[in-house]
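Here's the structure we're looking at; comments come further down.
Chains: A, B, C, D and E, in written order; residue numbering restarts at 1 for each.
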Amino acid sequence: MAKTAKHRHKNKKYTLPKPGASPGLVYTDEHSLESVIKLHTYHADYYKEEALPDLNNLKEAINDKKYTYWVDIKGFKTVELFERLSVDFNINKLVLEDITMTYQRPKYEEYDGYDFAVSRMLYMDSEQNLINEQLSFILTENVLFTFQDRYEDCLIPIRKRLEIGKGNIRIGGSSYLMYALMDIVVDEYFAILGFWSENLDAIEDRLLDKPDKTIMFDTQTIKRNLITLRRVAWPERDKMNDILRSESELIDVKTKLYLRDAYDHCIQVIDMVESLKEISASIIDMYLSIISNRMNEIMKVLTIISSIFIPLTFIAGIYGMNFSREDPVTGKVLPQNMPELYAAHGYLYTMIGMSIIAVLQVIYFWRKGWFK
Amino acid sequence: MAKTAKHRHKNKKYTLPKPGASPGLVYTDEHSLESVIKLHTYHADYYKEEALPDLNNLKEAINDKKYTYWVDIKGFKTVELFERLSVDFNINKLVLEDITMTYQRPKYEEYDGYDFAVSRMLYMDSEQNLINEQLSFILTENVLFTFQDRYEDCLIPIRKRLEIGKGNIRIGGSSYLMYALMDIVVDEYFAILGFWSENLDAIEDRLLDKPDKTIMFDTQTIKRNLITLRRVAWPERDKMNDILRSESELIDVKTKLYLRDAYDHCIQVIDMVESLKEISASIIDMYLSIISNRMNEIMKVLTIISSIFIPLTFIAGIYGMNFSREDPVTGKVLPQNMPELYAAHGYLYTMIGMSIIAVLQVIYFWRKGWFK
Amino acid sequence: MAKTAKHRHKNKKYTLPKPGASPGLVYTDEHSLESVIKLHTYHADYYKEEALPDLNNLKEAINDKKYTYWVDIKGFKTVELFERLSVDFNINKLVLEDITMTYQRPKYEEYDGYDFAVSRMLYMDSEQNLINEQLSFILTENVLFTFQDRYEDCLIPIRKRLEIGKGNIRIGGSSYLMYALMDIVVDEYFAILGFWSENLDAIEDRLLDKPDKTIMFDTQTIKRNLITLRRVAWPERDKMNDILRSESELIDVKTKLYLRDAYDHCIQVIDMVESLKEISASIIDMYLSIISNRMNEIMKVLTIISSIFIPLTFIAGIYGMNFSREDPVTGKVLPQNMPELYAAHGYLYTMIGMSIIAVLQVIYFWRKGWFK
Amino acid sequence: MAKTAKHRHKNKKYTLPKPGASPGLVYTDEHSLESVIKLHTYHADYYKEEALPDLNNLKEAINDKKYTYWVDIKGFKTVELFERLSVDFNINKLVLEDITMTYQRPKYEEYDGYDFAVSRMLYMDSEQNLINEQLSFILTENVLFTFQDRYEDCLIPIRKRLEIGKGNIRIGGSSYLMYALMDIVVDEYFAILGFWSENLDAIEDRLLDKPDKTIMFDTQTIKRNLITLRRVAWPERDKMNDILRSESELIDVKTKLYLRDAYDHCIQVIDMVESLKEISASIIDMYLSIISNRMNEIMKVLTIISSIFIPLTFIAGIYGMNFSREDPVTGKVLPQNMPELYAAHGYLYTMIGMSIIAVLQVIYFWRKGWFK
Amino acid sequence: MAKTAKHRHKNKKYTLPKPGASPGLVYTDEHSLESVIKLHTYHADYYKEEALPDLNNLKEAINDKKYTYWVDIKGFKTVELFERLSVDFNINKLVLEDITMTYQRPKYEEYDGYDFAVSRMLYMDSEQNLINEQLSFILTENVLFTFQDRYEDCLIPIRKRLEIGKGNIRIGGSSYLMYALMDIVVDEYFAILGFWSENLDAIEDRLLDKPDKTIMFDTQTIKRNLITLRRVAWPERDKMNDILRSESELIDVKTKLYLRDAYDHCIQVIDMVESLKEISASIIDMYLSIISNRMNEIMKVLTIISSIFIPLTFIAGIYGMNFSREDPVTGKVLPQNMPELYAAHGYLYTMIGMSIIAVLQVIYFWRKGWFK
């Protein structure tokens, strides 16, 4: 359990700025991965994917307006890469800082000649930890740059659709590609919501079958993941809205119709998050009431057993006392001391008396509903 | 109990998009029901209902502007149906996607030549699970298409009113019919609110009579259903507002007056939901305080019994000790050991002493108010 | 207690629409009371009150612009009454529906030639249940219709002021009369808030003197009533605001000054409701902490008694064991078995040892602060 | 404790309207204090304070525009006073009603020729109850009327500054005087916040040293006082804002700069209230967790003692049984019954066995961490 | 612990106004530190830092428009300093009051010829208390005054960057310097958020390993610190927004681009605060459920031990009773009394019976899942 908790937190650590550092610097550190660059060149009937060693010759490679280009960059180790972007494509240094300091909220900003956008990919890794990865976009007329600091992502279906070429994907231009990537990020939210929803179902079944301590931890883990998702989905929704309202000429009019759909999806994600949060809260409430009820049951058992046998033990103790039958000095019998002991059927009567006491108590507890 | 929980969740599963799929696709899967199409043709003095095998000849069948047509489609198995709508009636593919991906929030959108709206029917099925079913509308000048993926619904009274022909139903045109269907959906909200309200009354009576564990579960179930209803009622209200403010010429001016009424109904639904939620919360609070109180009572019984008899048992134990009356070796009497045992009336005095202790304790607990 | 709860709910039941019924219908059912109509005719120096059997001749009776007329209608059994209103005074059917379906929120709507408003009268009946009754207004130039479905109300002081004729009541016209009625409804909110405030004071005194289970139920009852009042007071405030901003010529300019005052009253009601809700919550918190503390005290008594006497009883048990002084077969003495029993002063030393143990434990518990 | 609670509530009672009374009436009752009127006349180099028996000659007395006049009225018994205000100064009856019905929220209203404002003075009386007193202002060109229904207030420093004449106080005109009074009212909020903050510190120290029941009550008392203050501070802030935005010519431009400062103070008060509320909530949470922990400790003591000694007592009980050594009839020895009793060193072995059991249990509880 | 709590509060005390004091006064008291003034004079290629004894000759010293000046003032003891600012630089007295009354919220205000801004530095001191220190700015064309009442701060990196002269710091003018200082203040928020985040991780590990009482206190301490930070970060965000929207010519256009970045940082701080607050709440919830669970376990141990041994002890007690084998008077044997005692193998059978009872109880508790 402790290990899981540590894992979860490890994944939450962002690249944070050093206090007092100059703004507009590109942050890469020893944990940064080697940069891997892929260039996808396509139009309706053409598709090529090639790996680039660096961005030195990119500017010349993508100057044919006939094609749409996707420059897909993973890993931020090579600082020169960002310098090249700054020099060849005139990208503002603050934008480059936002790309490498991967704790940005989803946002959309228009600059001279290009638009900048941030999405946050959420997905479960193989150990079922929630990965919260930044996906940054730089959109120009016919080029889309994407940036991510890990190699894993949830964009594979888009790469396949691009290769296969069905639907609008190859003919929509760079803004449609950006939409398609943003949309699959949001679709992934649905996938993990579905996963958590099933987990909550399973937890709830456990709650009703045999509730144990892990219910609290598991539910809290999902609840926190939901909070992470909500914190991402709200600005994601605002971002979609910003793009819809933006008058940037880089966003194709037809793409906006699809973006409206993606905007609706964001709202539905937020809706479902709220719903699952309510279910989590209700599970925790029920779990706590189950603990309380169980405590009541434990105490009932103790109280019934104790209340019945403690008085009876006392009675047995009474007749176990050694008040003497004879004066130790004179040897004379002292019949006034504990005559019950010598009464005919004394034992029998005592046992009957004890039984009556026990039965009366059982009836009393029965009436109080303690046996239910 | 566990079964109920599973049922509830099973009904919540929507048709979700596959991540990365092209937008605008129609989602139908093996769980989709066979499509059943009914065409209602009517004007003030005329009413005909007929079943259609498909939509192939629909366009010709509904071109008489004298009549109002209601195309009532249930079950989405037949994909051709949606292709026909796309081809013959020029319906946008994103709209068709919204119709078949049945997790849409209530909304109202205007398109070229038609309006699209979504309502969510909530009703209790025979096993008292809350069914949350999507009802989609496509409204044109004199035709209303409705779509639902299950056969059951809560629209039967409208079909009857249409057949009987009383009131405005046959003369209001397609927008009035849409209003009437939307209104009955909202009226059904009142019906299930009434049902839950009575359930909560019954739970509260149980709470006051004999509270048990099921109170927590039953109240939580209602609370969640209320949350589902609220999540539906808020966008429903916004939808009504959107229609009221819309300048679509497909919405008749007279119909708007009625829609204002339906809008008020939505607000009242939200009001009643909040009210019932407060009652649920108050039941849960009271239940938890009852558990606590009961715990107190159980502990009181245990403490009173134990506190009275444990000391008495100790005293009995004292006089049950075998400190010897005679030296085992010499056989000489050792009167300094436990002289009480040989005192005249020792037993009587001991019993009196015990009784006094017991009575004092009872008085003590009485004063503390533990017998109340 | 259960009875009170049932009463409360019974009073909450509104007349709800039948799903699928035509809108604009007047709902009256077997529970509706016989309609009682009173016509108050007055100007500055004149006042007459007469009972009307029906509204058939009303239109002619109230055509003298010199007078102001108040048509005071209680009970909705007579459906003809509403038909007459519809025919003679051209009142919209949806308005008539709102009058008879008595679950409307406070609102204000302007129609052609008349204004429609709803207030909700809240008052405590003789059994101290909160009655939530709808009071509907139709305001024309010199006539005010009021509608209520019960005979009881809180408007009697207005009727008296009208008869006596002091103040503005007779000279303010129909809009001032409507204001006066609305204002007394709000004033009544203050009265019941005062009543509940005193109840909460009494509950708090009980909490500090001798808290018992009823505190939870009584506080929750008040809390729910407060929620009901708040649900009424918020739209009431909005209604006042709507009237203030409305440009209806039926609302006299001078009356608006008074309405501003009534608007302030609504805000104060909401303020006081929030204040009393906070007090309720604080009472419940304190009550729960008292239960917990009491539990602690009960457990302390049990633990002190048990911890002291159980070990002592064990010691007594030790010396009550029958390890033999002589071999049962040979009859030889076995002095190594339990020599303490034959030691001189063994009993005395044992008792002293037990006392020391008990005293040490008492000191231990004293130090832990368990006797405070 | 109960007494404190009663005191608190007694001070909360406002003068409430009688339902159905005419608006615009002046409410004074038998609890009203005798009116005491002081007239302060001043300009930069002049200051006079005189007591007035009534307001009959006031109009003439304050007609010299060279001076600024402050008419400082305490106690509302004399109704004639308000009639005089109505007649001589043309003050609206609704304003006079607001002055005497002392449950107004802070507000600012402009009328013909004068402005009306309400502040609420909060201060602790000698018994540390929170007094919530209304201070009403009527501001004209060079006259400021203030009204309060008690003799005590927190305005003494202003009276002194006026007498001494330092700073802007004598040269700022009537609007600056109103500002100065409003500002000292807000400054007093800081003073009581400081007082409560120290109280909370003291409570927290008690919480950490020796928590007892009074912590709950004392914290709740402060929490409620904070709520009272917040309910006053919010409309106070709005009032300041209203004055700042108002275009009334009675408010001097220079005064507005100071009012902006007072507005900032209100926001800081609200901020500090929120902060102290959080601290209160955190104290209550910690207190409840301390109760729970203490319960755990009590139960641990009980369980350790019981678990160790109850089984041992049982063993002692075993060997205290009287299974006979000889047949009662034949007198023959029955060695098969309880042979342990006659074993050599039986007692010793038993004691050793008991010790082992006890030690094992102690180790078990030690491992579970119950001794920490 | 108590000590820590006191420390925390001590640091929270602000300099508060004396009620009734004239506004615009400069508050310095015996706790104020000696004023230390540093003048930094720089342009792109030049940097000089000198200590000033007072501000008497400052006006002449900073009149060369070629340079940018930073007047860095710490400690407010010397009142003459503020008088000099008022006289030589025409700073409004209310501004000077705001500088010395160090409980201002972050804000930005424009005055004639200068802008005034407040930031709040938050940082952990050596004893890990959160210090909340005010940093005030007066910005003129080429001069920036900063004011702080303690000597410690978090601005050292800026002083170093200024000395080194890399980046924009020396060429951005006074508004860029103000931005840089504001930005490092916000960066420091990230630093302490990171520190708390790690603390929460550590607490959570302790929660999962061995939860004890300190978890509650430590988490609550962090929670309160988070609330302090949130209370600072919200107005900080508003302040950034105000500067961004301001049309003051003192704020350089290029600087605004950087401020937009700082504004984003504020939003991220608020986001992270919310996230950590949720984690804190979840830790407290888990801790409370752990206490409850532990209680259950303690009770289970007690109940199992008691339920098994109390009945057995009773049985042993039965056979420890002294019901006589012979009539004490006649000496005749009374075999009907307790014949079990003389039965062959009576002891054995009793022991077997007791074992069966114990085993049955163990099975019963096993089935109930109490051993898990």
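Odds and ends about this structure:
Assume a residue touches a chain if its C-beta (ideal position, glycine included) is under 8 Å from a C-beta of that chain, and two chains touch if they have at least 3 such contacts.
All figures in this text were calculated on a predicted structure; none of them were measured in a lab.
Looking at subunit A and subunit D, the chains that touch each of them are E. Looking at subunit A and subunit B, not one chain touches each of them.
Comparing the residue numbers each copy contributes, subunit C and subunit D share less than half of them at their mutual interface. For the two copies, subunit C and subunit E, the CA superposition rotation is 145 degrees, given to the nearest 5.
The centroid of the Cα atoms in subunit B and the matching centroid in subunit D are 41 Å apart. Computed centre separation for the pair subunit B/subunit C is 25 angstrom, with centres defined by C-alpha atoms. Under the contact definition stated at the top, the residues of subunit E that touch 2 or more other chains are 292, 295, 299, 302, 306, 310, 313, 317, 320-322, 338. If the chains shown are joined wherever they touch, the resulting network closes on itself as one ring, and no chain has more or fewer than two partners. By the touch criterion the chains form one closed ring, and its order from subunit D via subunit E is D, E, A, B, C. The part of subunit D that touches subunit E in the complex is made up of residues 154, 156-158, 160-161, 166-169, 183-184, 187-188, 190-191, 194, 197, 201, 204-205, 208-209, 257-258, 261, 264, 267-268, 271, 274-275, 278-279, 282, 285-286, 289-290, 292-293, 295-296, 299-300, 302-303, 306-307, 310-311, 313-314, 317-318, 320-324, 327-329, 334, 336-338, 369-370, 372.
For subunit B in complex with subunit A, the residues that touch the partner chain are 1-2, 5-6, 9, 12, 16-23, 94, 97, 103-105, 107, 210, 212-213, 216-217, 220, 223-224, 227-228, 231, 284, 287-288, 291-292, 294-295, 298-299, 301-302, 305-306, 309-310, 312-313, 316-317, 319-322, 325-326, 333, 335, 338, 341-342, 344-348, 350-351.
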